[in-house]
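Labels run A, B, C, D, E, F and G following the written order; every chain starts at residue 1.
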Amino acid sequence: MNCAAIKEKLTVIGVEMVSEAEYARKGFALDVQVAPHLLVAAVSVLDAEGFFIEAITGVDWLGEQAALRKEAEAKVAAEAKAQPEAEAAAGEAPPLVSQPAEQGEIPEDALEVVYDFNHYEGLCRVTIRARLPRSKPEIATISSIYPGANWHERETHDFFGIIFVGHPYLVPLLLPEDADFHPLLKDFRS
Amino acid sequence: MIDYLKEVISGTWSLFVGLGITIRYFFQPVVTVQYPYQTLPMAPRFRGHIELVKDEETGETRCIVCGMCQKACPSHCITVNGEKREGVQGKVLTEYTLDFTRCSLCGLCVESCTPKAITFSKDYNLAGLSKEAYIFDLKAELSSLPAQTKLMPFGCKNRLEAKN
Amino acid sequence: MGTQNIQPAIVQFAQLDKLLALGRANSLWPMTFGLACCAIEMMATGASRFDLARFGAEVFRPSPRQCDVMIVAGTISKKMAPAVETLYDQMPEPKWVIAMGNCAISGGPFVFEGQYGIVEGADKLFPVDVFIPGCPPRPEALIEGILELEEKVTGSRRWPRVEVG
Amino acid sequence: MISLFTAEGLSGLLFLGFIGLTLAGALIATNARSLIRSVAGLALCFLGIAGFYYYLNSPFVALMQILIYVGGVCVTIIFAVMLAGSSEVNKVSRHNVLVGPLAFLVSGLLVWGLAGLALKTEWHSSIFYVENWGTVANLGQSLLTTYSMSFELISVVLLVAVVGSLVLARQGRDK
Amino acid sequence: MTLDPEIIRLLAFLVGVIAFASFNAAYLVWLERKEAAHIQRRIGPKEVGPFGLLQPLVDGIKLMTKQLIVPAGVDPVLFKIAPILVMVPAIMSFVTIPFSETLVARNLDLGLLVISAFASVNFLGLLLGAWGSRNKYAVISAGRAFSQNVAYEIPMLVIVVTLVMVSGTMNLTEIVGLQMGGFWHWNILNLAASPLMPVAFLIFFVCMLAETNRAPFDMSEAESELVAGAFTEYSGMGFGVFFMGEYANIVIGACVATILFLGGWHSPFPDTIPFFGASSVIWFLLKMYFIIFTVIWIRWTFPRTTFYGLLNLSWKILIPISFVNLILTSAMLKVF
Amino acid sequence: MMDILLLSNSLHTYLVIAALLFGIGIYGLVQRQNFIGMLISAELILSGASLNFMAFNHFLAPDPTVGQIFTLFIMAIAAAEVAIALSIIIAVYRNYKSIDTEDVTDLQG
Amino acid sequence: MSTFAQSQANETFVLNLGPQHPATHGVLRVKLTMDGEYIVEAEPVLGYIHRMHEKMGENRTWAQFLPNTGRIDYLHALAYNHGYVSVVERAASIEVPERAEYLRVITAELNRVSSHLLWFGAFILDLGGFSPLLYAFDDREHILDLLESVTGSRLTYCYFRFGGVYNDIDDNFVTGTRAFIKRLRGRMPMYHNLVTKNIILMKRLQEVGPISAEMCRKYGATGPVCRGSGINFDVRKHEPYSVYPEFDFEVPVYEQGDSMARYMVRMDEMEQSLRIVEQALDKLPEGPVMAEKVPKILKPAKGDYYHAVETARGSFGVRVISDGSNTPYRLKLRSPTFSNLSLFGEACRGMLLPDVLALMGSLDLVIPEIDR
């Protein structure tokens, strides 16, 4: 069992990005960003390799896009400010700056589902992330591959309202049975 | 057949061994501390609810109303108020209320207190008929307290003391 | 004159009541009912070191029908609240409730702005007789609570008070 | 008229109690609306009958009556009621409305006839009271001599019953 | 108008027996709590009266004045009758138990059979109570109690029959009479009748535990599984009477064991020894309470068996051995 | 005049009670419409018969044990009967989910 | 004798175990669909003690969340302290003095022993034995005394701080701990004689509630549950944190996968924990117990951090997502019992009621930790 091989295999199925997180710094070895439709394939790879499921959770990135845009704008402004001086100093052509975000429409904020897998033998914690649009947070269930994911997905549904398509029994687990709120969303008010 | 008999006999024997153990304890002295008559000494670091420290020199509180404890408290159970008074440097404590019913006894407030004006009491057996009784007015209680010289009367090096 | 000659009652009901109260106070059977952290301290109170049995209160009955006192030991979540109320209703009269620990008194450290899951205090659900603060209270405090309850039932305290210096 | 406060008097009173117990039990057993009460009534009735046996000088049979009927039969029936989950009050009768009165009539006639027969007949008492009359020892001897064949047959019947009920009850269990 | 002295005697004994049964039922609870406490190195009830001796009294006062809840949907008559059905047969059984040569209410020839018969009736009470309370736990508990009862009645009766064969009578007084003169004459050591007699005593003891629903065979009121089993819905005195009935049954079991195996009121020493050799009711009580002590001791030592483990024990171990014992005994009786 | 307290010494008492038990049993057998109820009634009938045996044995029989032995046999038979009947009832219940006689109509063709 | 109830599938009935039931150790509810005493289906219903820890994490500063960690799993509070402070130290790049790490290990291992002792007692209580519980509590009181003398509380410790521990230990603690280790070692044979070798207990645990290694993997079971199924997985060895690599200890693994195996794993683990404590006391270095430069108001760098520790019940992981402010942006607590319990439904299918309780007890449930 080795992490590089897993990375290889995950790249083959075409996940968006596989970065090798610095273990000592982060606490996990592989950070995998995956498109929602590729999730099941990626998880199947891990299942075949003998990983066990550690946890599933969500993160609500409400306001992230706005923040990013603000940041980008600030960066542009700062660079615009710095540019003349730099030009004056170096006399070179201005470096290519990333295009500022399109004016007007802000891209939609995302809900991220985070899957943690670990292996009983090798030290290789794999974190899979899938970003879902906040307005339609739907992703395929993996409870058919890992029955243990059943509860984790229910819990994530409780907290974030993420809908796991194909889940056998998606009713509140920790919240009261008739709960219709999702407390860990950033815009939740009790 | 032999196995069967063996199991029956060894099983029965194991039961007698168990009985032997319990009867031995039956005749051993009890370990009970009979609470209202006997009490356990509280550990020096025992954390009861907090109380204000009476300064041994002035007989007053050491609190400078900085509000750090209030800020540090995770469950917002401390209310500190003070006012400026003529002729006194800094603020004077007018109110120090602890809502003990919310407290989780984490000790973050005591740690955050730079003048070491608060400490843990040794009140370990509180029980009463109303919950309002546990909203302590620590400032009023201060007068009934003996002056305290040391925070941690025992050999353990307190983190705060170690710093100094 | 407005005074009347009142015949003394043939049966001294007051004496009988006293006896009843004494009987009830010394035979407080709690329910085997733990919610959270405090339940462990409740177990410790029943264990050898503190021995709740001395006061006749060690008969932890699992069925509410046979209990006299419910020790609410822990946080009551909103999901649990109906069940706790049912348990209280199932207990036969006369019954008492001890709220053990800060969670049972007021929600304790789990109260924050925007909390969605807990009931802020057992007294929101039913009358509570004795409050024992602490997080969790020490076993001595629970014993003290039982004694306090006995005092409430009988009107006088048989045991010495432990003064904490 | 014997006094109530003698041994005979008290025992006579007790006997009346047994009559009441038996008949009340029997009536409860047939008329109670819930099955479980019927069984309780049956148990009462059996206890009363055990009392009669005691008065008939056969304590052994009386005790066996309690042991087998009350402790065995009634308990088993209660258990069956539990299994079938039907202590439910009897449903509205789907019999013909006439069945109830008719049954009452028929059984009334039967009782009248039988009781009349019993009371009218001259019973030729050949009573010869023996000291050790019908003791357990006598019973045992008869069982192992005169009635040994039937005794053996009864045990075979019991065996067959045990096996049969096991077979019946196990059906449907193995899936 | 005068009362027959026989009646007075009977009434006196009846009162005595009821008092004895109730006293024992109440104080065995105290004994149990104290013994459990000391096994666990605690003190146990202490604050109510000297050594907590008034504890059963206050418990009784409390239970009597406690509200008796009749839950909705139960059969109220059966629900109320059931505890009495448990208690009364237990008291009735005391009538025939000889505490000493003269101290017996009715010396019946079929004493042993009387006790067996009444024991089966009190089980009826348990069943009716369980069914009457309409509680799933209670019903499961009743089901367990039923099969347990069936399974353990067999070895118990076989052992009893063996002893009847050895003694040649079912009269309890006579059975005790045969065991006179030192402990080696007791049935438990009656190796001449069957070398398996001590084992037979063990089997009888185990069956007694099972019949009285005592740990480790307390299947029907297994707290961690079935809450309080058949008594789950009982409150106040209904529960109290059930509880007392249970303890009364234990006393009867202990009495029967004493009579059948431990020589009843006979002293363990031959009567040539002065004072200690004398037979008296004290010896009976000593033996009986020792057995009860052991019963309680066992309860606080062992975990509970499972339901099927218990049936296995009965069908695979106890019944075969008790039959072997029966055959051995009859062979020995024929040979010698 | 018949002394009511001496009833226990009269054969007639027992016979009348036995007749009553029999009658009540017959009434129950006809009127009950569920198997267990009918079984209970049948037990009553059997008891009536046993009581007769015992009474005749006590008052009339030359052999002091014959009635008792018959009663014992009846008990054994009754126990066997109850065991079989109840297991049949349980089996029926499993198939029909009812122990009412009228629900079990398959046999009528 | 299983003929108690009806046999057909539609003849089942539902038995509600809990939320108040003596065997569920708190407020778990299990909906058992039963056929007689056989379990057809078991569905745990959670959330009766959901205390919103994750939400509170987002509402409190990094330090203010510390007391919560002692209340997630009150039986092994220090391991949870450890997990949380470790992940925050990882995020904020705080170096912890070695002595502090030793103290953390010593107290956490003592706490593990106390947790196992309580589990042992409660487990035997589930099985109907009462006295072992009180013997275990007797031993446990000694640990609590020791820990109280250091931390100031008996149960819900809040002893670790970012960068070290709150208080140093004194000599009394060291001698007391050594005495306790000796005492417990002397008591273990008694426990084994009284309980482990008892034929009743053996019959109740052996081959009851088997859990296969594959099932552990599919459900993510960790801790003694997976070690009882032959998987050698212990975070302390597998992903060493703190100063665990410096100690010589074994990870008890049993192959059978039944309740007895899980029982034995925990019993053996107590001994291993004692070994660790002993070695740690021997090697205990001098030095400060707090890092020098811990900012008063902590603002870890932006990012996503994970840290796992081995608690008495399995692998506890904390994932924090920091947005650079003084409160966590997202705090995920991966609790071991949550996963361990999730296999309960599958494991107990077809079992008998008493066996189910033995299985449930052998999972060592702490409900507030499942519900968080």
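We adopt the following convention: contacts are C-beta pairs under 8 Å (C-beta built on N, C-alpha and C of every residue); 3 or more make two chains touch, one makes a residue touch a chain.
Everything numeric here is computed off the predicted structure, so don't read it as measured data.
Compared with chain B, the chain whose C-alpha mean position is the greatest distance off is F. Inter-chain contacts peak for the pair D-F. For the pair chain C and chain F, the distance between C-alpha centroids works out to 55 Å.
Per-chain Cα centroids separate chain D from chain G by 61 Å.
If you average the Cα atoms of chain B and of chain F, the two centres end up 75 Å apart. Separation between the centroids of chain A and chain G, computed from CA atoms only, is 29 Å. In chain D, the residues that touch at least two other chains are 60, 64, 72, 79, 81, 83, 169, 172. The multi-chain contact residues of chain A, meaning those touching 2 or more other chains, are 175-176, 183. In chain G, 3-8, 21-22, 47, 50, 52, 55, 60, 67-68, 71, 131, 134-135, 138, 156, 194-195, 198, 200, 371 are the positions where the chain touches two or more neighbouring chains simultaneously.
Residue ranges on chain B touching chain G, taken from their complex, read 7, 10-12, 14-15, 17-18, 21-22, 25, 31, 43-47, 72-74, 104-108, 111, 120, 154-159, 162. By the touch criterion stated above, chain C contacts chain A in their complex at residues 78-79, 114-117.
If you check the complex, the residues on chain A that touch chain G are 25-28, 31, 50-55, 57, 59-60, 114, 116, 118, 120, 123, 125, 127, 146-148, 150-152, 155, 159, 172-176, 183-184. Taken in their complex, chain A has these residues touching chain C: 175-176, 181, 183, 188-190. Residue ranges on chain C touching chain G, taken from their complex, read 31-37, 39-41, 43-44, 47-49, 62, 64, 74-75, 77, 79-80, 83, 87, 109-110, 112-118, 135-136, 138.
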